[in-house]
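Structures incoming, each one as C-alpha cells.
Shared between the two complexes below is chain A, which has chain B as its partner in the first and chain C in the second.
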Partner chain A sequence: MFASREFVSPEGLRLDGRRVNELRRLRVRSGPLTDADGSSYLELGNTRVLVAVYGPREVSSAKAARQTTQSSDRATVCCQFSMATFSGGERRRKIKGDRRTMSHASALEKAFSSTIAIDKIPPRSQIDIFVEVLQSDGGMLVACINATTLALIDAGIEIRDYLCASSSALLNDITVIDPNQNEEQSFGGSPTATVAVLPVTGGVVYLDVDTRLHIDRLEELVNQATTGALTIHTLLEKVVRDRTQSTVSTTSAQQNA
Partner chain B sequence: MSNTSLLPLLSSSERQFILQGVASGVRSDGRGRLDARDIILETGLLPQANGSARVIIGNTDILVGIKADLGLPSQQNPDQGRIHCNVECTATVTNAVDSRDADSDAETLGHVITRIFVNSGCIDLKKLCLIPGSVCWNFYIDAMILGFDGNAADAIAQAVRAAFSDLRIPRVVIDTGSTPPTVEIDEDLRRAFCPVDVAALPLSMTMWKVGMSFLVDPTPAEEACASGALLVAATATGRVCLVQTLAGGAAQYSESAQATALPVPRGESTGAQAGAPPVAVVSAGGMNPHSIVDMLSTATEIAQSVARKQDEALRRVAEASTRSHGAGKSAHFVDQSVGFFADSFAATSGN
Partner chain C sequence: MSLSYNEDVTPELLRVIHPQDYISALALHNVRGDGRQFDAMRPLELALGTVSSAEGSATARIGNTTVVAGAKVEIGAPLASAPGHGFVIPNVIITGGSSSEAGRLAPSGLPSDQAQVLSKRLADYLLQSGCVDMSQLCVHEGQCVMVVYLDIVCVAYDGGLLDAALAAAVGALRDLALPNITFDTSTGTASLQAAPAGAQPRRLTLRSVPMSLSFGMVPASASLAGQATDSPLARPLLLVDPTADEEVVSTGVGSVLSLGSDRWLGFTLAAGTVVGGATSAAVRQVEPRGFGLLSLLNDAVCAGVAARRAALLKQLSIV
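And now, the complex of A and B:
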C-alpha cells in the first residue's frame, strides 16, 4: 500500500500540485443548450457534466404521476442521471437503470426537492433534471449538484438558496479537500465525505460518508467539505451575478435603441 | 425513416407552407435549397478520450469521443483491428418522446456511421492489428446527440471525422522474440500518434426530397415533410464511399437493378480503395431513379467541398493548438464564436 506522503508531499502539496485545502479549477457556463428551459455546463478539474432542466410542466412520467396522486398539493422533481460511455478511464457500456445511476438520481432528486421553493411551484406539476456526465474524475456528485443549481437558476425556477456541494477525503491522516478520482480510490477507497449545503439559509441538505471512519475524524472531514462548498458558493454567485448583469445591460441597450 | 421520434408534428397548412417555399426555392429560414447552415467545430474537449470533437449545426449538437484499447481481433478477420460505432440520444433530446423510439433511431444512425467509416474501407484496419490473431487496437466511437435540430447523420459524420483528426494512440513495442509475443505500451504521450489518414476519410451529405425538389441540411420541420432522403458519403477527392437512403417513402424501389445501372459521377472509381466493396444502393424508397442520379452527383460535389473545408479548419485547429499548447482548441468554419467555453469563467481557490 501507498504511504500517505505519496499523496501529500512533506511540503504539503498533492500529486496534482494542489495544497490540501485547494479546490480544483472550476469552469462553468450557464445556458449551453438552447432547447432546454435551463441548462449548465460545469468543469471541476477533469470532471465534466452537462445539466438540462425542464419545467415546471405537466406531469408526463409515470413516476411523477404516482407521486402526484400521493401528494396532490405539491410539484414533483424528477431526475435522470446518465454517464457517457467515454466518461471513465475504461469505456463502459451504458446500462439503463443500474444501481449507481439510480442512487445518484435519487440523491439529486431528494436534495433538490428540498432546495426548490416547492410551495411556490404550481402543484401537480413536474420539474425534470437531466444530468449527463461527460467525463468523471472524482467528485461526480459534487459537480452534478453545483451544475444543477446553476441550471435551475438559468431556468428561472425559484430556489430557496443555492445548493452548493463539495467533498473531502481522509488520506491516511491528512484531510484533503475536493479529491480527484485517484485520491478517492487510494487505499482501496479512502473515507470520502460529500456535503451539500444551503450557504445563506444554512443547513446541510445532503451528507454522504462512505467507508469506515473513526467518529473523531468525522467532524473535521465534514467541516472541510463544508468550507469547500462555501467557496463554491461565492464562485457560483459571481457567475450568476455577472450573467444577470450582462443580460440586463443588453436588454436595456436594446430598449434604448 | 431516421429520427422519426424526434421530428415535430406538422399541421397540413404548415406542411403546405414548407412545400411551397421549397418549390419556389426559398426555405422558411431564408436559405436556398442547397445552402447548408454554418458549422461550428471544436476538438480535444475530453482529455480522458483518445480523440474527441463537437459539431454544432443550428441547434443540432453532437459530441463524439473515441476511446482506444487493446483487444482480441475478430475470428473472421484475425489480421485487422476493430472499430465499434455507437450513437445515442441524451435525455435532453428525448425528454419529450418515447425513449425506446429514440434508441432505435440512434441505432440506425450507428449503423450508418459504421458503413461510412468502417465498411467503406477508408480506414486501413490492417494497420490497427499488432499481432495477427491475438492483439489489435479496438476503437470505440461514441456519438452523443446533445441537441437535435435536423440533419443528425451528416453532423455525426462531421464530428466523427473531426474526432479522428484529434485521435492519438500510444506507440507500442512488440516483442516477437518471446513466446507468445508480447506488446508493451509506450507510456510517453508525446510520442502518441494518429493512426488514421484523416484526409482520406469521407464526409456524408444527405439530399432530402421535399415535394418535387431536393435540399440539403434540413430543419426538423423540413425533415418531417421529406418523402425520401439519400445519404452520400464522399472523400475530399470525390470518391464515393456510400450511397444509402435514410428516409423511405412508401415503396421500396427496385433495389439491385438500379444499383448496377447507376452511373458514378464524372467517371470516378467507386469505393475508397482499390478492392474495396462496390457502392451499394441499399434501397430507393419512393424516389425516381433519375432524381437519384441527380442527387448523387450534387451530394458528392457538396460533400467534397465540405470535406475540404473541414480539412482546412482542422489544420487551423492544429496550428492554433501548437501555438497555445492545446489550451482551448477550437476553430470555426465561420467567424462566429460559440462553444462550451465561449463565456466560461475560470477560478481556482486556495485559502
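And now, the complex of A and C:
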C-alpha cells in the first residue's frame, strides 16, 4: 500500500496527475444504440458505462407488476444493473444479482423515480433502465447516474431536471474530488461521499457516505462533491444542446430539400 | 404486381404487423429493409484494446450489432489427459438493454438460451479451429496452466451475433497480453511477476483466424402464391447477414465457418420456428446435387466470406 502522503504530492498533484479539485475526463455519447428508445455511453476516466432506456411501455416484469397493483395511478421505473466480468481487477463470477449490484440498481431506481416527471408518464406503464458497466475504476454509481440522465433525455422521457452526480473522498485530511478506484480503496476504504443533485431546481436526490467520518468533515466533503456535480451538469447540458441543434438542423435541411 | 394492403398501411406499420410481407414487398424491388442487396453483408468493424481492465479486449460491430469481448487470465490445473495445455473458456452474455426483447426474456439473471448456445458453439469453434495453440498457455507442465476467461458481452443486438461474437473473441485473443507467471516447483505456488519496464508483453500466436458469415432463408411469401414464376418472390430468398428483423421471418438461419483459403471450419443450419415445406424447398433449390449442405454456399456467400475474411485480417493486422 502507498504511504499516506503519496496520494497528494507536496505540489498538490494526485497520483494520476490531477489537482485535488479536478474531475477526470468526461466523454459522453448520446444515442449509441439504435434499437433502444434512448441510450448513452459515458466514460469518466477509465470508468465506462453503457445505458439503454426502454419505455414507457406495458408492464412486463414481475416487480413492476407488483408495484402497479400497489399504486395503480403511477408508472414504474425498473433498473437492471450489471457489470461485465472483466470490468474490474479480478474477474467477477457473478454479473448481476449480488448484493452490491442490487443496491446500485435500487439506488438508481429510487433516484430516477423522483427525477422523472412520473405524473406526466402514462400510469401503469414501465420505464426500463439497463445499465452495463464495461469497466470500473471508481465512481461507478456517479458514471451510471450521469449516463442514465443522458439516456432518459435521449429517450424523450420528461424529467424535472438533470440528475447529476459526483463524488469526493477524504485522503489523509485532504479532500479530493472524483476519486478513482485506487483512491477510493486507499487506507482500506477512505471516506467517500457520492452526491446526486438537481442543479437547476436545487435539491439533493441521493447522498451516500459509506465510511465512518467525523461530522466536521462532512460538509466540506459534500460541498466538493456537489461542486463536481454542478460542473458535470454544464458538460452534459452542452452535449444535449449540441445534439439537439444538429438534429434540428438536419431535420430542417431535409424539409427544405 | 403489388401486395394487397389498403393504403392506410404505411411501410413502417407493415414492418411491425406483417414482417414477412414487408420483406417480400421490398424483395419485389430487389432490396432489403436497410437498402442492401440480398447478397450484401454489413461491414465488420473491429477495434482492439477497448477495455483496459481486461488483459485482452476487442469491440466488434456489424451494422447495429455491437459486441465487447474481454479476456481475463487466471491460474488453474491442467487436465491429466493434456498436462501441457491451458484453457480458453468463452462465455456469451446478452445484456438486457441490447434489444427491446432481451430485457423481457431473461429478467431473472439467468443467461438466455441463445447466450448459452452461443457460448457452447464458440468454445467448439475456437477449439476445433486450433486457433490458439493451448501449449502457449502452459506455465508448468502437469501442474499449472493459464485459464483464459473470454467473456463476450452483446450490448446491442441486430442479428449476426455469432459473426460479431467470434470476431470479438478472436480480436480479444489477439490483443491478449499474457501475464508473466512463474511456478515454484518446491512450494507448488504460482506467482505473478511484474514485467520489466518497457518490455513488450508476450502475446498469443494465432495459428488460424476462424470467422463466420450468417445467412437466413425466407420462404416464398404465402400471400403471393400464384404469382409468375420469374418473380423474385416465387422462390425462397437467401439473405446474407440478416438483421434481427430478417432473422425473425427466416425459417432457417445458418452460418458458414471459415478458416480461410477454402478451408471450412463448419456449417450450421438451425431451422427456425417452422421446419417444413419452405425450408426443404429452400434446401432443394440451392442443393441440386448431393454435396451435403455445403452446396448451400452459393457464389454470393462464398464471395462474402472471402471479403469479410480479408477485412477481419486487416483489422487484426495479420496479412
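Operating definition for what follows: the second predicted complex is superposed on the first by the 251 of 257 C-alpha atoms of A that agree within 3 Å, B and C clash if a C-alpha of one lies under 4 Å from a C-alpha of the other, contacts with A are read in each partner's own complex, and residues count from 1 in each chain.
Throughout what follows, contacts are C-beta pairs under 8 Å (C-beta built on N, C-alpha and C of every residue); 3 or more make two chains touch, one makes a residue touch a chain.
Since the structure is predicted, the reported quantities are computational estimates derived from the model, not experimental observations.
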Quick one: on chain A, after the overlay, do chain B and chain C clash, or do they fit? Just give me the call.
clash
May I ask you to decide whether A:L50 touches chain B, chain C, both, or neither, giving the answer as first, second, both or neither?
both
Which of chain B and chain C A:R19 touches, first, second, both or neither:
first
A:V239 contacts which: chain B (first), chain C (second), both, neither?
first
Taking the superposition as given, does A:F86 touch the first partner, chain B, the second, chain C, both, or neither?
both
Which of the two partners, first being chain B and second being chain C, lies in contact with A:T34: first, second, both, or neither?
both
Once chain A of both complexes is superposed, is A:Y162 in touch with chain B (first), chain C (second), both, or neither?
neither
With both complexes superposed on chain A, which partner does A:D137 reach: first (chain B), second (chain C), both or neither?
both
Kindly classify A:F7 by the partners it touches after superposition: chain B alone (first), chain C alone (second), both, or neither?
neither
Starting from the residues of chain A touching chain B, keep only those that also touch chain C in the other complex, and list them.
32-36, 39, 46, 48, 50, 52, 54, 80, 82, 84-89, 91, 128, 130, 132, 134-135, 137
Show which residues of chain A lie in contact with chain C when the two form their complex.
32-36, 39, 46, 48, 50-52, 54, 60-62, 80, 82, 84-89, 91, 95-97, 128, 130-132, 134-137
So, in the complex, the side of chain B touching chain A is made of residues 46-49, 52, 59, 61, 63, 65-67, 69, 86, 88, 90-93, 95, 140, 142, 144, 146-149, 340-351
Given the complex with chain A, which residues does chain C contribute to the contact?
51-54, 57, 64, 66, 68, 70-72, 74, 91, 93, 95-100, 103-104, 107, 109, 149, 151, 153, 155-158, 244
Using the touch rule from the top, collect the residues of chain A that touch chain B in their complex.
18-19, 21-29, 32-36, 39, 41, 46, 48, 50, 52, 54, 80, 82, 84-91, 94, 128, 130, 132, 134-135, 137, 227, 231, 235, 238-239, 242
